[in-house]
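Here chain A shows up in two complexes: once beside chain B, once beside chain C.
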Partner chain A sequence: MTLKTFGADQIGFLLLSLQWTILLTVIALIGGGLLGFAVALARTSQLKPVRIAAASYIQIIQGIPVLMILFLSYYGLSLAGFELPPLFAAGASMTIYASGYLAEIWRGCIQAVPKQQWEASESLAMTRLQQYRYVILPQAMRISLPPTVGFAVQVVKNTSITSIIGFVELARAGQLINNATFQPFRVFLAVAALYFVVCYPLSQLSRLLERRLHAGSSR
Partner chain B sequence: MSYTFQFGVLAQYQDQILSGIWLTIKISVLSIMLGCTAGMVLASVRSIWGGAVRLLVDAYVEIIRNTPFLVQLFIVYFGLPGLGLRVGADTAALIGMTINLAAYSTEIIRAGIEAIHKSQIEAGEALGFTRFQIYRHVIIIPAIAKVYPALCSQFVLMMLASSICSAISTQELAASAAFVESQTYRSFEIYIAVTLIYLALALALRAALALIGMWLFGRRVARRTMTAVPEVQA
Partner chain C sequence: MPEVVVENVHKSFGALEVLKGVSLTVGRGEVFALIGRSGSGKSTLLRCMNGLEKINSGRIEIAGHALGEDAKALRKLRTDVGIVFQSYNLFPHLTVGENIMLAPRIVKDVEKTKAREVAREVLQLVGLSEKFDSYPDQLSGGQQQRVAIARSLAMRPKVMLFDEVTSALDPELTEEVLMVMEQLARDGMTMILVTHEMGFARRVATQTIFMHKGKIWEQGPSAALFANPQTAELRQFVKSDVK
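After this line comes the complex of A and B, so read on.
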């Protein structure tokens, strides 16, 4: 038996599986974004029990490994009687993971809007919904852009963990190729390079946005 | 859903789980000490020497921060033997965690050093401090005090990420969970239990780091340490 070598076919396979990594990242950011937004609003709610519930959710998600969220969704879904492909468990766990962190980032952004903005809009007889819609969220969104893009980098990297339950994304594809070619150094460097190509521009974008946001303020 | 939870079966695997917890604590504490020290050194030489050293350190930080920890572990564990460097799973985990944490620490401490105002250094010079005294009392200690909470969040994240080392067969907590699961098929129960253990470990580590912060830098820094959120800005 001859071993395959790491060549054009293998790089093609890596590129193909990179699409799954990106799809999973998009799912996590959309799902986690929606859930995280709801939690962020709950975290800044006027009702104390709601605030505490949201804070506990954030503390728990940030206090457990992503791998455990993954295993619990994987086995939890099958316990609940669903026979689903790994993509669902992977998507669900990445969504839950992202929601816990995005909620905390966005809470910070909502609270970074000066208190006077709340008071001014209240004196204009706006309802709380109107305050959020027209005054608070537009400003919070501007502040939230750099850290959110920065967090997207973490999500891209952490989707690699889903390879452990057998979801074939970029890291898993690297393992599969390594099993066939046994050139681990070359294969995993190529995998790392592909992650870098996706993550580095995002990191730089986050940095650029951050700088632009603080362009007016002098230090 | 007609599933009966049986947490009782876990009791007989106490030893495996305890040894998993112990290894998780061991590699986490060691990599935190090594990684933080390396970060302090790298952030310092980068700002003192500049030039090519700065470029090299920055390249290292960017490469590590923009690739997944899992892939870094694969390179250390599967890749290094190809270069004639055979390492065991525990050592590979420790090397991988240290390399990863060193990059993040460097980045966080760098931000702290850059936040030290130039006038502070000039004030130090005016007081007749030697360069070493300036570096020690005016730059590195205040810089670390400033970023200590962010640093601690990163330490907690690293402890949690040590679970990923189970993928290269390091027998830490997540791996012992997988072992018990394979013996009992009580997957949900074991992973709930282990998740709670990780949660307790994260809280305990944060509390311990806050205590160290109080001892080193005073009460204000310690309080910020307990409530700090992980740095996500790139």
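After this line comes the complex of A and C, so read on.
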């Protein structure tokens, strides 16, 4: 058997797999965003048990490696009798991982809104829900844009960990090509370049947003 | 008929007792000035009146509402009691007009065109009609504070509370805010203000209360109180005020 060489076909395969990386990132950010938002709200609740539950969730997720979340959802659930396709396990664990971090980022943003904004809106007879919706969250959202986009970069890169359970995203595709061509330097340089092409614009966007925010206009 | 009744109110922050049995009655259309050193409890007393601080004991009744634990009743009270803060606290993400229309729209379900009408009217009252579409950060401190007053007025309150509203402003801007407040007083609004502006208290307030160590130390018609302080503490306080 002759070794294949790293060529157009392989690059096409990498590009195809890049789509899975992006899809996984999108799933993680949407799923993790929804879950993380709920946890962030719970984290700033007036009810102490709710606050503690949310804080524990965040601590647990941040305190264990993503890999363990991945193994637990892939092997753990299959032991329990659920046969999950890799995309499902990968999407679920990336969602859980992202939720833990987004919750903490957004908690910080909600708490960064000055407490006088709470007092002013409360004094205008708004309910707590109205305070969140019309006064606090619009301001918190603005503060949260740079760190959220910054975190998205981490998610893009960390999706590579799902290669371990055989999900063929960009990193896994690189491994497969390397197995067939044994040109690791070329292959992984190409893989790294593709990650960079996705992450670099996001990093720049995050920095741009941050500069805008610090420039001080309060809209 | 009294618009505000405060009866034997006690309030502590942890071990520190800041209000030690305060009682006062404010009639409709009266203007009360609360003066005293920082730490005397005057701001805390004001904040207790709309439930921003919970009292430990005593009774407060304001604009026909008894202050209590129930959240719904407290919101009802707050629709009738406006408060303006030292730091303006406008909503920075909303325009002046939106700042003013927000609470009437969502709290009192006022229809949009009506809310806009009210907003224009209260803005005119504070002399800022042309700022309807500006954002707070495009205004001076004095203008922001006048918008904050307008925002409260748009709820059609029966009582207005002012918590050191000119303390963050330089003299020129202070004047424009005080003029708005004086106009309000003349129009018959029941007002309680914590202030360091002794001249303003003397001129505009019907009664002045001097607070000291968490108690009402001295109280009386403003002119008499300033002209003829009865206690050594008030004499000292009035003397130390250069204005």
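For this structure, a couple of remarks:
Operating definition for what follows: the second predicted complex is superposed on the first by the 215 of 219 C-alpha atoms of A that agree within 3 Å, B and C clash if a C-alpha of one lies under 4 Å from a C-alpha of the other, contacts with A are read in each partner's own complex, and residues count from 1 in each chain.
One rule holds for everything that comes next: a residue touches a chain if its C-beta (ideal position, glycine included) is under 8 Å from a C-beta of that chain, and two chains touch if they have at least 3 such contacts.
Note that the structure is predicted; figures quoted are calculated from it, not measured.
Applying the stated contact rule after C-alpha superposition, one finds that A:91 touches neither chain B nor chain C. By the touch criterion defined above, A:210 reaches chain B but does not reach chain C. In the superposed three-chain model, the partner touching more residues of chain A is B, compared with the other of chain B and chain C.
In the superposition on chain A, A:130 makes contact with chain C only, while chain B stays out of contact range.
Legend: residue contacts after superposition of the two complexes on their common chain; A:120 is shown touching chain C, with no touch to chain B.
After overlaying the two complexes on the shared chain, residue contacts for A:191 are found with chain B alone; chain C is out of touch. In the superposed pair of complexes, A:142 makes contact with chain C only, with no contact to chain B. For chain A in complex with chain C, the touching residues are 114, 116-117, 119-127, 130, 134-135, 138-139, 142, 216-219.
Those residues of chain B that touch chain A in the complex are listed here as 1, 3, 62-63, 65-72, 74-75, 78-83, 156, 160-161, 163-164, 166-167, 174, 177, 187-188, 191-192, 194-195, 198-199, 202-203, 229-230, 232-234.
Per the touch definition, chain A reaches chain B in the complex via residues 60, 62-68, 71-72, 75-76, 79-81, 101, 104-105, 108, 146-147, 149-151, 153-154, 157-158, 160-161, 163-164, 171, 174-175, 178, 183-185, 188-189, 191-192, 195-196, 199-200, 202-204, 206-207, 210.
Contact residues of chain C toward chain A in the complex are 50, 52, 71, 75-76, 78-79, 82-83, 85, 87, 89-93, 102-103, 106-107, 135-137, 151-152, 155.
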